[in-house]
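First, the structure itself, so that you have it in front of you.
A, B and C label the chains in the order they appear, each numbered from 1.
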């Protein structure tokens, strides 16, 4: 184990970790937005919206995220979409994560007992009021943990942007493996940073989960 | 530069060969991940402490880092220690081990989720622990674990695209080869996506078939 | 060690979870063919005592003897496993939540253990399953899965499963507590039938009427001790201890 080398390259890994974090945060925000819209579409009264929601989930979960990223980044210019690698990474991964989050959010809403809606409706609440006041608060509690799993997967999926040369953790590790021929050391550095990020995220999710369970 | 899908037929043979490789790699890695998952789960649940703990660490590391990073480690790491494997073998090992860890997790939870009363009832009849596991607990755990493992295998198919990065000529890299000659990334990546989607649908169909066969109440 | 004369002999049974003592020095004997009921509120230790008899919840002190053999004797792990499996084959147990194996039909639930442990052939085991399921009135449903049966039917299959091992002793752990009221009677009927055949039984129950009608002797337990024991007509009509009276009074009110 070459600790001296590890020490020397560590600052570059640390910097790359910030890129990974920034990428993760932006992707998560976009993913949640897409997931919420997707779930709303899938649960809509309108058949056409339901179809669009279902198609979105099926296509984006049914094909590799890497290919989706390549289509956007390399194929985008052909249809007039010019993005730099970082932007393409956020948008590509965000839309992909949104498809998974759609199913999580929809699942949580469906899991709330249908008797709850009936009870709210018999009190005279409108369908929207029942959703907003009765269903969603209960669904929110059910979705924190599975969304946490989505978030965990999303953070690991940010490694894919290494393939379009965004200088984040995995790309940095790959580069230094190539130049130093020390795969174990470089894996260890990047791996520990990933695990720290995932651990912190896990704690944050657990904290949110506790908060929503109490109220 | 607009879109032109008419050039696809000229390169279809490259793409179809890529499809074959993707299917082969997925099946091989799936088999490895299944066998590995069972072994890891048995170790995690029943092995003595000294053996269990290192495996816990391996599980922890594999679940806490991206697959792509693991592929780099395995591919270059094996070379480093003098084992020069073809890229596709390294890819299968990487995918297989990665998903073995996730499968192990599922198998463990499903064994633990079988109601404690089931073990008790079997033991009160006089069955040994091993007999009770074999006849009562594991058959129930298997039924519970098939759907989520099926989902893992479908995830594995999609993640098999990652081995293109270490130079395995599967579907994604085949598309890249065709693009290198035609400079038509959109068309060929869409084509690759379509093939992945179809394989994905086939796997979902098989999964549903299996689930229906093993469901308990007929 | 003293000469073993009783069929079931529990000596100074003691059990604690950490600092919580759930069984405090309980001694109890049961003779062959006797039917003993154990009543008491939840948390009194009655189920723990019952589960100690086949070592499902091992005691932390004391001994359990069955037909001249100590059940919970100290042995190296492997030998102990062999010993306890042999002992358990002689003791049938029926649980509150049935614990039928959901992936097996009623027939398979009954035949599995005799085939595995006694080496019965498929035909012999099938014949046995038919006999036992007929006895509990479940022959018609022999090839049904547990999910297709009512609670009372499940419990009757569970009893048949235990009987198929030809036990010397049957333990019932609140066998009817999880059942809807209208399904209790069909299970009670089966237990009464066993009583008429002089099966030795220890029955943990909260049904006083049933205990009064089948048991030779009833124990009232509270907070880990046997407060009072005696024939049902005495214990239920004329209990000598205040705690017993209190429990029975509350229970009667609850029943109304």
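Definition applied: contacts are C-beta pairs under 8 Å (C-beta built on N, C-alpha and C of every residue); 3 or more make two chains touch, one makes a residue touch a chain.
This structure is a prediction, so every number in the text was calculated from the model and none was measured.
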Exercise. Looking only at which chains touch which, which shape fits best: line, ring, star, complete or other?
Worked result: line
Seminar exercise, completed: Relative to subunit C, largest Cα-centroid distance belongs to chain A
Problem set entry | Identity of the most central chain, Cα criterion | B
Exercise. Where the centres are mean C-alpha positions, what is the separation of subunit A from subunit B, in Å?
Worked result: 21
Seminar exercise, completed: Per the C-alpha means, the centres of subunit A and subunit C lie apart by a whole-Å value of 53
Exercise. Where the centres are mean C-alpha positions, what is the separation of subunit B from subunit C, in Å?
Worked result: 47
Seminar exercise, completed: Listed in rising order, subunit B residues that touch 2 or more other chains are none
Exercise. Which of the residues in subunit B come into contact with subunit C in the complex?
Worked result: 115, 117-118, 120-129, 131, 135-136, 139-140, 143, 216-218
Problem set entry | For the subunit C and subunit B complex, residues of the former touching the latter | 54, 56, 81, 85-89, 91-93, 95, 97, 99-103, 112-113, 116-117, 145, 147-148, 158, 161-162, 165
Exercise. Inside the complex, what are the residues of subunit B that reach subunit A?
Worked result: 1-3, 60-61, 64-70, 72-73, 76-77, 79-80, 158-162, 164-165, 172, 175, 179, 184-187, 189-190, 192-193, 196-197, 200-201
Exercise. Which subunit A residues qualify as touching subunit B in the complex?
Worked result: 59, 62-68, 70-71, 74-79, 156-160, 162-163, 169-170, 173-174, 177, 181-184, 187, 190-191, 194-195, 198-199
